[in-house]
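Both complexes shown next keep chain A, but they swap its partner, so chain B is in the first and chain C is in the second.
Moving on to the complex of A and B:
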């Protein structure tokens, strides 16, 4: 498959000059959305079943799960300072394991399970934040080490095989659908997008998070409590990732140790495809969701094409590189 | 020898250069002048190969010259010393100077002894006292600038471009550099000298090219013009008028003491500084670069800690642990290093303007976007900020306008005390005057201002009272009729101690 990315670039001086700045900022997200639609269309050509409402609904459900894991990742990447959270997958796994172990199929255990999951996620985030901000361990190293610790904790806690399953109500939401194309998970995903958007754009925390990511020295000297803002991003990331584990078992109806680990690197990819700069200071959660859809549609498409595992990995990698290369082609800004 | 004809360059929707022209002869020292945002830096970057031109021609010895990369530039014997230094902080002085032209031995390996030797020769010619093995990141900015010049000279250029390299140099360092440059022009070196300091331009340069809004406004011989001609070419206004508008006499009144420091001590930088500042007063901190002015301001603000001394603010003893604490008590801080410590480059004008206000609001207050938008528009109008709109990113603005964003940020929270650390460094004359007017207005409305500056004219112009720093101590206090350039300069050099502020 070949895409002509150039068609999507806003060329300076093309009569859209006034909108260029605004367009460029929305550009990557629009581009990702366009690619997602394109992948759906290609899928439709390959298999008529691909565009059935049920299949679209399933793809969106899976995308939302990735989007949940990537929620905290978005915050951490925006916060800058080479911020990245490689413990999101492990936190998701822990959330999943705790969820089944505590609920054991009982509806009245849902609330205690949620509280404990969020607390566990917060603890992971707090430890990450202390390591990164107080002990000044680079985020990449700190969160990777934390991922190992959290994985080991799960093994000890479950002896390797978690027992239990989600409460009936949770499983119903996890796999049920409001409409064929609209699973309950997607409804919750949309709700999460609204909440994240509110946090990022309409609270002073979100505002300061972008500021810190853009220039932490300047923010510090303007009175922003940089450590708390940045540390907060890691704590929120731990909590959101652990919650993602809850929805992961709601969807799958079972848990295994490390079930979230496969989401770690895709979460970073979703954030970047969605237009959040790895340098920090810019981006949005809606972009991340679209990035998650792109990755999930691509994955499904490769399955439909009967590509074997090796082929899938290679194509996945090539597409990612192509996307990122296309993203860097934007008009330069005055230095 | 070198001609640049009708050069044009756009960055997105912003036109940086249109119809800019420039010529340079062997042995000529030409000044390149212009307000911030007039395109000087872009023109310099085109010469250095950092930026590609959109239209126009460059001729070298009458032949067309295509500069596509810094390598092209160097191969044609053009060397540039950049304003925002192009040094690698983690490398040593010698490695930086010889970067890209390291002497190699037979096996093609770098011979570090010869690298060091070559660097040392250049440093000696510039009369810089610095260890060639020291890391660049450990040097003060003045020395870094000189290393940048040495690095450019290492290429043995026929054309040397100096982009505001004197901005952070001491007076005597400038004089030594100029002596060297004058010597080198005798052997045919052509020099393009970019500076905001007129006295330097008049003492060094033969000719001047003035840019305004990306266009060449005039190319003149320095001996045939005076300050006001150049200011007119740069700004389109005659300086007398601007001056008249800002001359508002203000009688110093005796008012409450807002801040008092006694025996403030910051490790190695500030030694037993005591001062008292009254409400609505503008106090200037003068002196050569790096004599403790910056650290004093930062110690007050909680950005560096002080080991000894007491501070009383608004009647109560305080010691801020972080700028966040100071801001909550009503203190603001503006740094002259806007790239590192001022603007949020990729964020919008609005977000830049509201930063301090947001910091004061805690974490989970909600934001009304409409209110932000109208507030930002009002401030843009009030400060005459040139931007496409409140949503434009800050890095699409020129340097002077970026600095106005930082001033506007504090205007919005109306602090009781505003600290400014060389706030107009590299800001053009017009924007500088506008910033001065704003500061005066703020002072009239009761904000107390402490401003340090490397520019004597600025201090004499704006400050009610000047404290002069020398080697970490306040060595003189100048007010009323003592506030003259002569007094200031002699106190700066540690020559003449009028009244000791710090030694008692």
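Moving on to the complex of A and C:
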């Protein structure tokens, strides 16, 4: 998928300063990986079962689900302009609800379901993009308002309780395992990582997305259609999140209204922990996946520790603050 | 024409316009009942928590930060006030003051994390939101408890001819007006406008941010107490919608999320707009839904959809805010919307 770069001479990672930046960013990804491993080891001390291949496999597939939701989030955050997409959770829920309602357990309904899910996600993304780029509503608020609309649409569509279940084949992929440590979901996650990396680093769109995120004025002068690129990030985000809903019900085997909303803010956290700066213009999807693993391991570690809901939330928050303080601090103003 | 120019330069213009529109439509769908004092009282007492939350959010947003933890902070205040009064039989005054103090402390904590640890506020307050709602759940695991009837009847009643809640809101507005007269009021806007320049002109940015978060925490505490008086019970999930709704109210009121431009007047108008929208939709469906066949049984979902759509259009209408051209060849963006990457 290579295009010619006649009118575009931008490469992330060229120039000495960028090399240093890239090294720091690489460090941040390594650091996240290190923290994930550390959390696994702590889990191993707490419960020997924690490090069993089956448990690691389960944690990884839950992390992949969060990673799917955070895929679109990564694109939106990279696109800059205070970009953040708080409608990913709602789009995921809509995808999940549509998936069970259309499939109703029939294998031959998989393709129509997929098409409709992606179309619905794209519609959410297009409406977001119109609000953000044409009406210039700040992304945070626009996507938040859109999430409310999408939630009520689900309520109207299902009358409050979705019925149906995923097709047999889909459920098999969602819960089956190639190896004990390697559920099929993780295989799909790795595939998604390769595709996203290809999109970001080997297509014109990817290059232009980084360019727009790091300096939209400069990329406009270089001939990049800034609004189109930035709007495209929101459309892709809607589509990817709706697809995440498809895999969510494949894993859980049932759907309820707003089931994806619990992923909204963790998806932002996963993106940031994975080394993508909220200011835009840098970052990677593999980092986001590692961020998703960190959050998921932390979550299941707290379950293993038998903390109640209150304790889990408190510890989750404190650890997040510690992680953020460790490596997403802004530089002091005097530098 | 001059009046229009004057209005156009006021940051809160979109908020006031939206509120005026909402009031007119509300009068149309509700009829002459709108003008009764009791109706004003109920509008203010139902919406006072959101109005206070919007004021708290505005102060933080003016410094260029954002506070997602306002909703969970209100929950914490609610649960502490209920627990101390019901389970430990503290006097109402003491338990509510303690709850207010706790809310202020959460603000201080947010300020310390944002200003001194320099974590982006979106993520920092997202984390404290988790901590604070966990604390609230620990304080009061199950909904319950009561508030003495004197308290909530006083809250819903009148004081010297005006609804009590109007007095409460007026007090906070006056407090903010006093703060704005002092240098700190200017510093808050300066830091939000351009942090670097503010630093270069000798403003201690960390202290300004800490102050803004502390004040916001205090007002959030008051919002939580208003919510407690309104609901007359405790619930560990009570404040959930207020976090994001307060941000929506701030935007509707014309305050810009990147900071430095806006004011609490617009946010109050924005919060009232959000309240009136649900009023309008309620009356619309109550009086006219019977005319459309087939939506009778699910009409509450349609009510939600309609009010959500109205909010989106309200947000989009914020394009009336004064703008300046701040990018080569880019469409005009609202003033201060793009800030130097941090």
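Note that the second predicted complex is superposed on the first by the 305 of 335 C-alpha atoms of A that agree within 3 Å, B and C clash if a C-alpha of one lies under 4 Å from a C-alpha of the other, contacts with A are read in each partner's own complex, and residues count from 1 in each chain.
Heads up, the rule we're going with is that a residue touches a chain if its C-beta (ideal position, glycine included) is under 8 Å from a C-beta of that chain, and two chains touch if they have at least 3 such contacts.
Computed from a predicted structure; not experimentally measured.
Looking at the shared chain after the overlay, A:210 reaches chain B, while chain C stays out of its contact range. When both complexes are overlaid on chain A, the residue A:312 reaches chain C alone and has no touch with chain B. Shared-chain residue A:281: touches chain B and chain C both. When the shared chain is aligned, chain C comes close enough to touch A:321, but chain B does not.
In the superposed pair of complexes, A:220 makes contact with chain B and with chain C alike.
In the superposition on chain A, contact of A:111 is made with neither chain B nor chain C. Chain A has more of its residues touched by C than by the other of chain B and chain C.
On chain A, the patch touched by chain B and the patch touched by chain C overlap at residues 214, 217, 220-221, 277, 281, 331-334. Those residues of chain A whose C-beta lies close enough to touch chain C in the complex are 80-82, 84, 131, 135-138, 140-142, 144-146, 148-149, 152-153, 155-156, 159-160, 214, 216-217, 220-221, 226-227, 265, 268-269, 272, 277-281, 309-318, 320-321, 324-325, 328-334.
Touching chain A in their complex are the following residues of chain C: 66, 68, 113, 117-120, 122-124, 126-135, 137-138, 141, 195-196, 199, 205, 244, 247-248, 251, 256-258, 298, 301-302, 304-305, 308-309, 311-312, 315-316, 318-319, 327-331, 333-334, 337-339, 341-342.
For chain B in complex with chain A, the touching residues are 10-14, 16, 42, 301, 303, 322-324, 326-328, 333, 335, 340-347, 351, 354-356, 358-367, 369, 388, 391-393, 395-396, 398, 409.
Chain A meets chain B in the complex at residues 12-13, 17-18, 20-22, 24-25, 201-205, 207-208, 210-211, 214-215, 217-225, 228-229, 232, 277, 281-282, 331-335.
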